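Order as written gives the chain letters A, B, C and D; numbering starts at 1 within each chain.
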Amino acid sequence: MNPIITLTLQANLRYVRIASIMACNVAEIFADFTCNSTDIAEFCHAYELSVSEAFTNSVRYAKPSQPEKQVTIRFSSDNSSLAVSIIDTNSQFNPVTQAPDISNYPEGGYGLFLIHRLMDTVSYTREDGTNILTMTKQATITHDT
Amino acid sequence: MKTLLVIKKQEYEWLIDLLPGVHPLLVPICNKPFIEFLVDFAILAGSDALRIVSDGVLGSVEHYCENGSRWGVEISYGSMRPADDIYTVIEKNRRFCLEERVIIISGFLFIRYNKKSEYASLFTSLPSGELLSCPHGSISLTGTSTTKTETPGTLPFSLAALDSIGKYYELSMEILRTGLTHYVIPGYSSEEDCYIGRNVIIQKSAEIIKPVIIGNNVQIMTNSIIDSNSVIGNNVIIDRESFISGSIVIGNTYIGEHLEVKNKIAAGNLLIDPESGTSIVMEDPHLLTAMTQSRVAGALLRRVVHALGATFLILLLLLPWLLLRPILGLQGKWKRKREQYFTRLPGKNVTLTNTTIECTGVLSALAKALSLDRFTLLFKVLSGKLALIGNQPLPVNPAIPLLPNTHAVYRPAVFSYAEAEEWPEIGIDTEIVEHYYAVHSDPLKDIAMTQKALFYRTH
Amino acid sequence: MIFHLDTSTTQPLGVVLLKKRVDANNSSELQKAFAQWLQQTSNFVFDCTKLDFIDSSGLGAIVSCLRKALEHQGDVKLAALGPKVAMVFELTKAKKLFSVFSNSSEAIQSFRTVSPK
Amino acid sequence: MNISEKTINNYTIISLKGILNASSAPKLKTYIAGMPDEQSLVIDLENVEFLDSSGLGALVGIARKKRTSRAVMKLARMNERVKKVFEITQAYTLFDIYDDVSAAAEV
């Protein structure tokens, strides 16, 4: 995986849109070179949504004791897939997720579930007090038959 | 003209249990997904837009049909609540139904039609209201006709409700026997009762009797017989000496050796009797093959052979690994990721280090050629956690906590049979190839396959 | 597994009521017991009224019983196959090896009409 | 995000424009909280460019409130991007979804 760009933002919900627009744009530039035009919109939307979800989670779980918290978004890619990592210094969390029980009208808890459904692989590692949530999706290369 | 399809989950739910893994609207009838028959009909009737409305999940249907550009019709999707009646559904889709005439097909219905008949002008001239109905649904028309013509006494189409597996089977057989020319059926056909897909391998000694439909990527092995009135789906293997008659073999099914499938539906590891609805699970690996093999002795021998093979490879690759690993590590080309994978035992997982070598430069090319990325995995063979060659390990997916049961034979391994055969490493084809070899391999063949895998990975 | 000897026929007939499942866990039990029964008679009816699951080991065991009975100039006839069990027999073509009857009295009767040599 | 309001029959039509995510969802919640609980709503989503689960959560929260106070809440004119989120989470099962605002405000 080759690094593309890294963006560090203040952990504030005000900036969630910056993160997700950035993800959408990076995905679009990446997909432009790799996949057929029909799938680009869906590919980009998956990144826009997933980063929006992950960034929101990072901000929500930031400890209020450290107001100058930051969240880093790092993009890297290889020939066919694009990875985005969301890195924060919050406490450890459990990334395994299940579908929320919709019949109870839950107001939250959809975030990680959505990410898992939108992305091909989602991996979570904890290194030196940082959480790294990496989401990867394969750009669909449709073969002409 | 537009067409509104209203299909409630409650009407198709029964099919989910019987044929799991495929959305009922995509269940193949004579190798063509159900929904496509309706799309074809809508187009024949002159529709330029089609909306599919359901209270159930339509994700995979959307994924399959997309926006309809493939058929030159605009397809959209809508949702409804289980309790909604047809008028509420029309209200919820008012914008869609506005201004034009709309054919409303409600229920999990198959429409019998004939592609040679003229439907477009018929539908513009028909008066509004219900055209046909049956206990499980109806077809009706909104808006007023532009031309004044006599309503024909009988309409050139009829309804067949899909409410049981028996009906599904009957309908498939009816189309196969008498209706193949009425519909667009996938596959190559030089005779009207025989359709064969792409990449079909039929052994010389195998016998095929019409009428028959065979899908893509099908292998029919030595001395097997596909008797009349059979539908073989895509990616199916019919193994040696087996006999298929009057049966539907759904895609991605493996039929083992010496089996007799008569008037049944085979889907994955399920065998269904359409008449009684009884189904048995062919999860017992022996039922997939001949019955007499001694499995235990084979398993032990296999383990020993695999361990010896792994030891050999470890000794061979140790020096290159010791030399190249630190260099590539320093260059940052050696990437590792630990992930959980399923083992053969349900509920037990194994953590494997997945190594990827960035393919730039001579050294990494060399490391890749020597399969050094799999080096550490070889030790798992010695401890019996992995086989040397077998299936590609399946990553544990939190959305699916258990090993999908389509893998009747699953042996996670360092190298996969698919790699040895140079099949694409993803997708359902791989599964079938791996399944085939997993059932057919013996320890000696395994060594040969490992060699092949090592060889092909370098090219 | 319940075994009894029916002596109403010209030759004694072994009637075996198979249990709920005959599978990898208990098929060897059947084979062992069958060797014992063979010392008393070589004609058998396997009553499958209660049998509702069979896997290939179970099937293998029943086929091996048949083979041994044939070696002793006898036969194994099957009675009252449930739908799932019947499907396994059909699928594996094992059904062709056996005479199958809808209930055990018919199967017993069939041994009476065909007089054994 | 912009919120505008009009009335058709007994329904208040809330039209949203822009982004509905964690940073804008509170604005919607506050806006709705300023209305009587018994007021039935149609939320017009035609101009929602982007919605994530925080936005969805806000809509689900409003739906729950309306349900307890026996008022009606309907959604109208969902675009494909918004629909995707409803579909994955199966949230569409909680709402009456119309493709036309006036049809939604009729019954």
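General observations
Simple rule for what comes next: a residue touches a chain if its C-beta (ideal position, glycine included) is under 8 Å from a C-beta of that chain, and two chains touch if they have at least 3 such contacts.
Computed from a predicted structure; not experimentally measured.
The chains in contact with chain A as well as with chain C are B.
Note on connectivity: the fewest steps through touching chains from chain B to chain C is 1. In this view the innermost chain, defined by its CA centroid being closest to the centroid of all protein CA atoms, is B.
Chain C and chain D have Cα centroids separated by 68 Å. Centre-to-centre separation between chain A and chain D, using Cα means, comes to 26 Å.
Between the CA-based centres of chain A and chain B the separation comes to 30 Å, rounded to the whole angstrom. Rounded to whole angstrom, the centroid-to-centroid distance between chain B and chain D, based on C-alpha atoms, equals 38 Å. Chain contacts: chain A has residues 99, 117 touching two or more partner chains. In chain D, the residues touching two or more other chains are 88, 90, 93. Within chain C, not a single residue touches two or more of the remaining chains. By the contact rule set out at the top, the touching chain pairs are A-B, A-D, B-C, B-D. On the side of chain B, the complex with chain A involves touching residues 66, 335, 337, 339, 358, 395, 398-399. Across the complex, chain B is touched by residues 1, 38, 78, 96-99, 116-117, 121, 123 of chain A. The touching residues of chain D, counted against chain B in their complex, run 77, 83, 86-88, 90, 92-93, 95-100, 102-104, 106-107. Those residues of chain B that touch chain C in the complex are listed here as 243, 258-262, 264, 271, 273, 276, 278, 280, 282, 284, 286-287, 291-292. Note for the complex: chain B touches chain D at residues 55, 57-59, 62, 77-81, 88, 91-96, 98.
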